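Chain nomenclature is as follows: A, B, C, D, E, F, G and H, assigned in order of appearance, with residue numbering initiated at 1 for each chain independently.
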């Protein structure tokens, strides 16, 4: 494809350049990241995406974004905990990934990030399962679930505080493990830095890491793995 | 398996507890991380691993570790640039992964980390290819290689300084991209911190990150993905 | 000029010392930085500047500053997105710089900082153009604009998250590139630190950097370059 | 005791003020911390302590300190791995603590810090046991040792990298757990900072922390607990 | 106990996995950490704990948590300063620890953290005493209390700003000292970091540290010590 | 004085221990630091101090503290900009220091901290003068004031952003210079950290530094110098 | 130019991809950054560059790099202080920039970075002048040189410690000022971080910043400005 | 004095601009800071200073600096511990300050910094006394010295690790206290950062701080105070 052709696939709004090449290059269209955008901008971008493909996913959608999108797209599914708005294709197609994306959380407070990951993984056409509140301070809660862990195709582990859970999970399974540090904690957690550093230094080989609270990114990576 | 059985699969040396369960739980035996160990300790652990399986991989092997291992295991392959010592099985079996692990480096100074990744990926039974010195300041060096990027099963991107390369690669392909920040740089690179933060904040969805200079970890994760 | 003369050109308010030497030493009068000042202080300083030269520029003007200035100077132009209030000379003179200052933004959320830069550059008598939402995750959005990049006299590149765009732009052009990190991002972006470090470590030679979110400073530097 | 009396119990050397009150206030005499002292200073202080009580303990003793102390005190026990020199009382009295201090290490590279802790605990008259290389990446190595953990009076857990082991141990036992982060690791471990932060954020209640690599401090605290 | 049995002792709610093993493994049941949980989630967990044992303790309870818990459990004791809600057993049993837990605070602003510690220590069945506002800038306020310090079984020292108090206390007594840095301060206190670092570097041997503002953790550790 | 006597000079409230020794040891009575205290606590402490000496100074007094103190002490002087409440002795005695404390500010936004310093210096019985908005970007504003600088007994320099002013002032005079970094700035000022580090690294010998925004501390130090 | 053509202009060595497009895109050929490269790699790259254009510049050349280059290119000019090796074209062409690049240093210890900048600016065909040891602690050393400052086309200001000099220079002139923080200092300079932060927060508008010790980058930016 | 006159008092060497105005502006001539200078540069600067005034002081003099200065100036006094070389005037004049500068150290390892301070204070014509190894872990060592503390005109307190000593000293005396954090410590002392932060957050009013290990700066400030 030449640069002239390329230019035709970019839709230039005053405040955004929508890249309709993404389904080709990335396997899925752009996702609307609401942080720092006005509700009007978010709706305008969602309209272009829905027009092009009949679906969109918005993440980090605060109340005003959610309300504006819900008003404009009555069929869209709003997940307040995970701060997502998802307009599924109609009808919604079957998952295409090879296996299941398992989302594991260390504690109750990590659920918003886990929900963002789960909704994203579904929107990217993966089967999704969840395992909740199995942090390492009560290690047997996790060990009784070893079978579930081993049957997943990819595991996303969401944890704040000391971020130890991915190391333990990584040592129990052969499949790829994606660690998501969360900003859950206080004091010397420094907004998730403690968990992030712990995960980067994991003694379990084969654990990779995404940004703090980045449930979306973990799911996008998991989906790439599940669709390879 | 019960705890009593488990205890039998651990080999307890005075300074190490070798976990012969790893091939079952992780898909491959333990790798010897030489940093902070004496040459004697490294050789002793390598002997146990070689005895159990006819192969071992040692990483972060400084000159004294490399010499001691080479003296004890004449058949071992020493890679001074990547600081690895690898005793391949005899005969070396064919790769078992689904596709190719492509190791991309931003600059010449990133090669030691890339070599560690490449040797590790091979030891974990993956086909490996390399693409060298294609950093973003001369973006066309990368763009002429788009086909190579798209044919890989997993891409490891090794970059120091501003760590921008994984974002560009992540935007060009659908396959999983593992970013390895390196400590290449000076001043405000803070030993690789700049590249690490850049990679964690990548605007390309689906990029995951390992520790600074952790070529081994990137390859271990790539191999998990390639064997799923 | 002797110290005694100098003293006469300083206007001493109880809370500020206005430096009427600036047009001589710096090429333009003082700009009102509203952060940390009361609306009353801001209006009082703007009055002195308008009295001296018929124009002023206020930056980092929050709602209360903007309202107070608009009430006092009905002819002033308020830019809520860029948080600026600009009283243009009447009539507004033609730009005096040698060429065009091009303001490039990586994403929609970077627009407030880009607007501050664009308004400032105009107030300092430069021609200004904009290129929006061309971040590196969809690199072709930028590459189709290479001509626009090469025709500018100075380029200001505004980017948050991983801050990779200035490196790519710097590698495509010969003209000076000023990088502005923004606080757009979350988690390990640490309020723009990730983008700042990335830009300081740019592998593209000839990129210089200003403070996080400092659109004003980037435009002031660009104007110096454009008027040399 | 009045201030005048107090002054008599301080022995003032040109470079140190030895506090012979410590056995009364702290339960044991001063320990010689060699870092930043010359060999001559270390020997001089050790002589005063040996003269007063027939015993001394020196920590952070580098080669030159160790050699000077060994030359002056032939009966002293030198531990090169733990960098300690200990002159036991003659005869060495039985331990006085209520139970056993168990020193647990995550990996082989953590052994120097663990040895410093073990030697210190013995010098402070505690029974000491060791459990080595039971890091969380192979969690079953630890779980098979639950009995040993539960029979200790105090547990010192020494770990570098992600510092996860104290959280798991803390969740398995009722007894006090003292976590010692080590500087083992590289890159984003930042000299032990990652492990330190993880331990401070432990989700296991009742874990307390000492400085990075501070095996001595952990043992001193454990001894206080064991002698309460 | 086998894994199958273990599973029966975990109560799985949609958002939490309650670990009824804790009284066995840890000596006390789970404590409800309210931060990041909704009032509904907190009440639901408290109900399960009260049903199992007739008591619960909730920490970091903000106003909405406190109100919801007080409404549901009229007998519960609300401590607004310490942000705790405690439902004591009926009748409340006598303390079981060997001695007294003394909670010492450097300044008035440290009281909320000290109260969290005191309430927790009581809930874990310890006798508790307090010593308030004895910071080091007026050292004689502390020195007149040496007897109180020496009669405690464990001392918790709560201090913000420069965090010097634990070093002085640690030098005056033989018993275990647990230091709690608080976020009291401003500027270069960096949210308690200054006090935390000071405490980790204490020149008094035998001082251990918990996370910033972690009164709960300090009391849990003190209770382990007091019950050993 | 013996410990028993000492105890009599401490006034123990439930939340504070007032140290009536301070006038003897420190040359002035305690100052009420309001941050983190309730209005009730602040008033109660102020009452004790006023009863003992007919005067008090409260710093970091937020609106609710100021209102409560003004209501209770109608004669007290409230400085909203500097967030102080000062009850002067009646009649107010003459300054006792040897010379003048000069408070220099770099910019208008630094005035609140400068006011805190000026009020404190007066309360500690020093003559006070002010020099405002003489930052280094217009260096001649300062150079025309060299005489004023040289006639002071002590100079307090208050500056945010890059914190360069104390270095320039320190090079122009022989008298002691106390630098106060302020949190004025944004982005990479990191809440005053940039100015703090600059001041600590001042190339002008003889500059000392206090905490960020610590106008009180600067004045207390200046007063000690002025009264020596 | 099409991608196929592009590929022909890249020279692929095993460890480097030389970009012969740079003179077109950047205005000058690649510069050899020696840090992290072996002497053999450096010589090999220099040979390719010299073959293509008769000139090369190597920066961050340690002793072994310098010796290897000097041996291979006897005509090359070695600057040990600035750690550069420069092979000028033969004959060396006249400068092409519009004016003079003035390199100003705060102190003697900043000279290595200033030399790197000066040599680079010359290699990029600029006239270069120097002004040495005019730091702000003796401000009159700078003020007597105002004419020299005002006659430059671009000013590079090199300073360590508190990094205040660029703010003062920026306030005295209209031309572009590029600030280079150096790692000169100790303690809280944190390897140049203090100077870097100060420069980023400069209150003088129009100052831009490069990485710590990056004399090369400052000169490359200055040359871009001087050739616009 | 006019700028033209000023220029005559600066002696311009190729690598330094010696400011012979300093005795007028600062009360003493320039001090040679050796860090980052060659031995030749240091000797050349010392020669100019000795020629002008018959005396010089060099600080941070490493072995090669010390040897070169001692060879050139046989009468100079070398202090290897404090890394100073001092050529006293002949004859050495009596101290001119009003009182005594007391240098207090927390531990033996802090002595090098204390010596730098003591030599500098003497060179600046102050009477100097020392109090050594009186850290807070054995608080009575300090309390027995209260009289010495109270008789000083200025107190310099040198401490590493947790840096608590200045807070205690500041609370015992009325005179100015200058705190010098040292890099003594390990792990979470982060090269003196812990002590620096502690001192900046001192709860004792009137304590000011200089850079880590900056004994020279503390003495320069103390001398200013002592000569006011």
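One rule holds in what follows: a residue touches a chain if its C-beta (ideal position, glycine included) is under 8 Å from a C-beta of that chain, and two chains touch if they have at least 3 such contacts.
These numbers were taken from a predicted model, which means no experiment stands behind them.
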Candidate from F-H, C-G or B-G with the same interface as A-E, over half of contact pairs in common:
B-G
If you average the CA coordinates per chain, which chain's centre is most distant from that of subunit E?
G
How many angstrom lie between the CA centroids of subunit A and subunit H, rounded to a whole number?
56
Whole-Å distance, subunit B centre to subunit C centre, using C-alpha means?
44
Using the touch rule from the top of the page, what residues of subunit D touch 2 or more other chains?
25, 138, 143, 171-172, 187-189, 193, 196, 200-202, 205, 211-212
Touching pairs of chains, which are they?
A-B, A-C, A-D, A-E, B-C, B-D, B-G, C-F, C-G, D-E, D-H, E-F, E-H, F-G, F-H, G-H
Over in the complex, which subunit B residues touch subunit A? Could you list them?
25-27, 31, 98-99, 153-154, 171-178, 196, 200-202, 205-212, 216-218, 220-221, 223-225, 227-228
Interface with subunit E, subunit F side, in the complex: residues 3, 6-7, 10, 12, 14-17, 19, 21-22, 25, 33, 35-37, 41, 60, 181, 183, 191-193, 196, 211-214
Mind listing the subunit E positions that touch subunit F in their complex?
108-109, 111, 132-134, 138, 140-141, 143-144, 184, 186-189
Where on subunit G is subunit F touching in the complex?
106-107, 135-139, 143, 161-164, 167-168, 170-172, 185, 187-190, 193-195, 197-205
